[in-house]
Amino acid sequence: MRSNLPKIISIHCLLVIICFAPYENIMSQSDLSSPSFNNTLISVDKNIAVSDWSLTASDLGLEGDWSVNMVTLRGGKQEGVKLITMDNGALTFTVIPTRGMSVHTVEKGTLRLAWNSPVKELIHPQFIDLEANGGLGWLDGFNEWMTRCGMEYAGHPGMDNGRMLNLHGRIGNMPASEVEVIVDNEPPHRIRIRGKMNEVYFNGPNLELWTEISAEPGSAAVRFEDQLTNLSQKEQEFMVLYHANFGSPLLEPGSQLYGSIKKVVPFDNFAAEDIHHWNTYGGPINGIAERVYCIYPKADSQGNAHFLLQNSGGDQGVSFSYEVEQLPYFTQWKNQDSDGYVTGLEPGTGFPHNRSIERKYGRVPVLAPGGERVFRIDYLLHTDKNSVTAVRNKLMNEMSTVEISKEVISK
Amino acid sequence: MRSNLPKIISIHCLLVIICFAPYENIMSQSDLSSPSFNNTLISVDKNIAVSDWSLTASDLGLEGDWSVNMVTLRGGKQEGVKLITMDNGALTFTVIPTRGMSVHTVEKGTLRLAWNSPVKELIHPQFIDLEANGGLGWLDGFNEWMTRCGMEYAGHPGMDNGRMLNLHGRIGNMPASEVEVIVDNEPPHRIRIRGKMNEVYFNGPNLELWTEISAEPGSAAVRFEDQLTNLSQKEQEFMVLYHANFGSPLLEPGSQLYGSIKKVVPFDNFAAEDIHHWNTYGGPINGIAERVYCIYPKADSQGNAHFLLQNSGGDQGVSFSYEVEQLPYFTQWKNQDSDGYVTGLEPGTGFPHNRSIERKYGRVPVLAPGGERVFRIDYLLHTDKNSVTAVRNKLMNEMSTVEISKEVISK
Amino acid sequence: MRSNLPKIISIHCLLVIICFAPYENIMSQSDLSSPSFNNTLISVDKNIAVSDWSLTASDLGLEGDWSVNMVTLRGGKQEGVKLITMDNGALTFTVIPTRGMSVHTVEKGTLRLAWNSPVKELIHPQFIDLEANGGLGWLDGFNEWMTRCGMEYAGHPGMDNGRMLNLHGRIGNMPASEVEVIVDNEPPHRIRIRGKMNEVYFNGPNLELWTEISAEPGSAAVRFEDQLTNLSQKEQEFMVLYHANFGSPLLEPGSQLYGSIKKVVPFDNFAAEDIHHWNTYGGPINGIAERVYCIYPKADSQGNAHFLLQNSGGDQGVSFSYEVEQLPYFTQWKNQDSDGYVTGLEPGTGFPHNRSIERKYGRVPVLAPGGERVFRIDYLLHTDKNSVTAVRNKLMNEMSTVEISKEVISK
């Protein structure tokens, strides 16, 4: 029988390694010649999944009062879910590595990009069965501000060439295999939360998605910059919807949507009946059906589309811009029902029909073997009237030329 | 490179906090002005999931030799399952927070409320696919003495208005989001194990179930008192079956069921053939089909129904009572097959047909928006002949007036 | 408020127990009268799941430089997966307790029994939905060298008597409930990695599988010896395929399969077209369909069949032998597609059709109540030309008598 003493010591060392190794990495990479401060929080390659972690500007010897931390959630259906919170000194956002790097909330003072889903917990994918309930299992976990739909398929559940597709695909319920926090070494020291998922099965797609959400310290802007790669040696269809969902305070009776838009087409007859109010919002109504509008964005000279959602008083809003070529369609989802009052403003590679329909209308793009696509969206939070007005004024002209369809979208 | 020393110390502190914080809470709440000793074991709200925990009467400065503990199970399909054991000095019971607060076993000396399922492990929901196997996935984890079926639906799998419903619903394979052990500050210091599940998805039901199983120190009685709340702003159907399952020693050749019963109706022809033995039990037979009887309980002047299951010799038994208005139907499931010899005695809001059938016959109740229902069942364990006889004698008269149906139940 | 000091001490003790109890067991069992050195790594019965563990020859006071260790994988879909690595001094193999004791890789120098699946992670079953994607969910985790298909059913997905069966059954995505490492006390001190899974549900099969993979120190041979027991009191059908998959370096243009074979029957017309090259392999081709050959092995005087897969140059190979009575059918799966270039050489109780077809042709065996079956396969790794040639020469005569079917297999 050996003494336990050395064993106890080795356990201490193990704990230190587990808890602090990433932190040590930071220290060793704070060398000025390093291109960035790179902190691995989760890594299949390195066999790491940090439980709790934090980083501040001063840890890196930088100015500013920003911070990033990650915690592990406990209890119920949240058990084991990782949650990253980034506070850049001006706004905070939360990222859920365990749920496909979805962004739960962005906050800047009283302005929140978020909504009040009846689902309150951040549901671990182990408790989600995407094909359950006729392919609606995705709704069991739906509560984030921003969740990506895709990547092999997105849209409504149903059969496509003999195969059942679940609502909005698999990427939003897939834990990230690699998660890193990168702080640019050069000013303005942009802080980047990056995560990778692989949507792959044998004899199926082999899509790799590197997501990035980032912000500069002190800025009111948040940027998504995702890269999708087809690792297969075959052509691969894909679909993506950036399902961004807005409730209070931006959504309220009198809220309005502005955008650089060519055409608005109602999804169905119920949406068609209200088409002349497509860009304004009513208050919550118990039991009302959703209205969906299929929007064709218009690119400016740089190729970008621009949108603004503002509250009723026009003193809070969010504007966003992205390249139309990458995300040529835009879905406005008006869900006025009081159990989950929300509007989805969703740039995408298509509309949210089942893939079988989207394919028929040529809205399912294909990646060549080894091919890549980048999706970049810039969000800007507006917390005063001047800021909202400035954006709205730019978009006002655009709105006068929007073509309103008298027909519902074909399917 | 910093010294590791302060880090080691901080880890110690962290461990102490994780392991003992709930215990510290007890201490701080032992003040006499407190209404109860309240210990949070699992909480999404507080981000707590205690790994191992225990509490004794003396920890609270109370008399008696009762205890409650929680452990985390390891290995196989039990990995991560929480198990609470309550020993009130007279009996013990085990509660599984990870499996919808089901009760695995109640024991008092040689009397056990339990059965010998071929499924031995307490299966973590991560390994259950409820819709698998034609909606029979629930059977992969079925081994508890008491499991609740519900709450959006219960009963047999099958289509209901175009939607596939799995056997016995989802609540029994849902981890509790909040779990607390409450000890009443006032004598007799009832010990309450409470747990909350939310059965909710976007555009679906939003049902909150607070379960409670409790006992007084030294008592042979166990009480369920569950509260179901409709958090939606819409009316919501629900179903619940208290699927209590009894094997040896209470179930054996010659065991008998007594109850305050209006009518017994066989579920099918096979049950009909044996209807005149509905309240007695034969021994295990290899390969025999189940027999199910649909029972309409009769309320006494206080509105309660009463039942007794006794062993062959009449020296062990369990009696139980509950309000007929809350649980107006009662299913007796006689599963004589030797692979899982068991009888289910199941107070419910309906019978275990698929919801489509139960709805047709008016047995699917509806909760108004914000509406609540309470389900309370009191079980009493009898470990001697006098105690069994006293209950049986009270029910003997009731039995003489039971109407035996010549027809099987309509569906 | 009590002092924390004793609590801290007790935590140290707990940690020591958790981390080192198995190791202590070894010490206490190193007594010469013990039949073996038995180390429990995972046990539902003992409530143990060791996180990290290792054992070397010298820990047991034995000669040789072999070692066994187990680690817990972190991140992505590997989170919580256990991985055992055995190095017997001559070869190493890796076993995945969390995935049904599948063997990921066997390595001896540059010779690897493994393949390059597009699925890179060792996927935790919590992220697998076997019935998803039309019953093809198994493909989400398919990347091991050896995965068992079964045990209630194996083969292609589809309906069997009104029940949906998923591809290749459940056993490969079931965590082991008991895992132990046994080192024989007697020379040559064979090292055995053993694991148990129970494939059971109420009113369904109750199959217990004890798997064992073992090797002697310093040997180039690896042995599987699995025992399947029907714990039910009813007869039970079962199916098993030892789905062993070979990529580079053994699979390359010019690789060849030799075996003691009665007959080769193509699975379909595409395989039939190429039947005269059934035992040779071409290189990877993008987009080519799989070819499957149904092989009827021939037993030698001891009842054993023998096979050899060799590389093009004949200087690397693997040979294997097993009793034909236990595994009377053999499937050769030629998957030349460049996204997962692989050949499966699969001894089985049948061919990989859906169970409904296999039953029709009498290839679904039945276990009596309490009945047992043992499946033993011996693999030998050949790393030089002489060793390969010796085996090939023995099989060359056998090959000349193989009957080549002109028809595809009936179904």
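Per-chain numbering from 1; labels A, B and C assigned in written order.
FYI, contacts are C-beta pairs under 8 Å (C-beta built on N, C-alpha and C of every residue); 3 or more make two chains touch, one makes a residue touch a chain.
Everything numeric here is computed off the predicted structure, so don't read it as measured data.
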| item | value |
| --- | --- |
| Turning angle required so that chain A lies on chain C, C-alpha fit (0 to 180°, nearest 5) | 120 |
| Proportion of interface numbers common to chain B and chain C (over half same, under half different) | different |
| Distance between chain centroids, defined by C-alpha means - chain B, chain C (Å) | 40 |
| Per-residue overlap in chain B, given as positions that touch at least 2 other chains | 126, 129, 131 |
| Chain C residues touching chain A - in the complex, by the definition given at the top | 12, 15-16, 19-20, 27, 71, 73-79, 117-121, 126-127, 129, 131-134, 136, 139-140, 142-143, 286-287, 337-340 |
| Chain C to chain B touching residues, read off their complex | 1-2, 4, 7-8, 11, 42-44, 46-49, 80, 125-126, 129-131, 162-164, 166, 174-178, 197-198, 200-204, 206, 231-234, 369 |
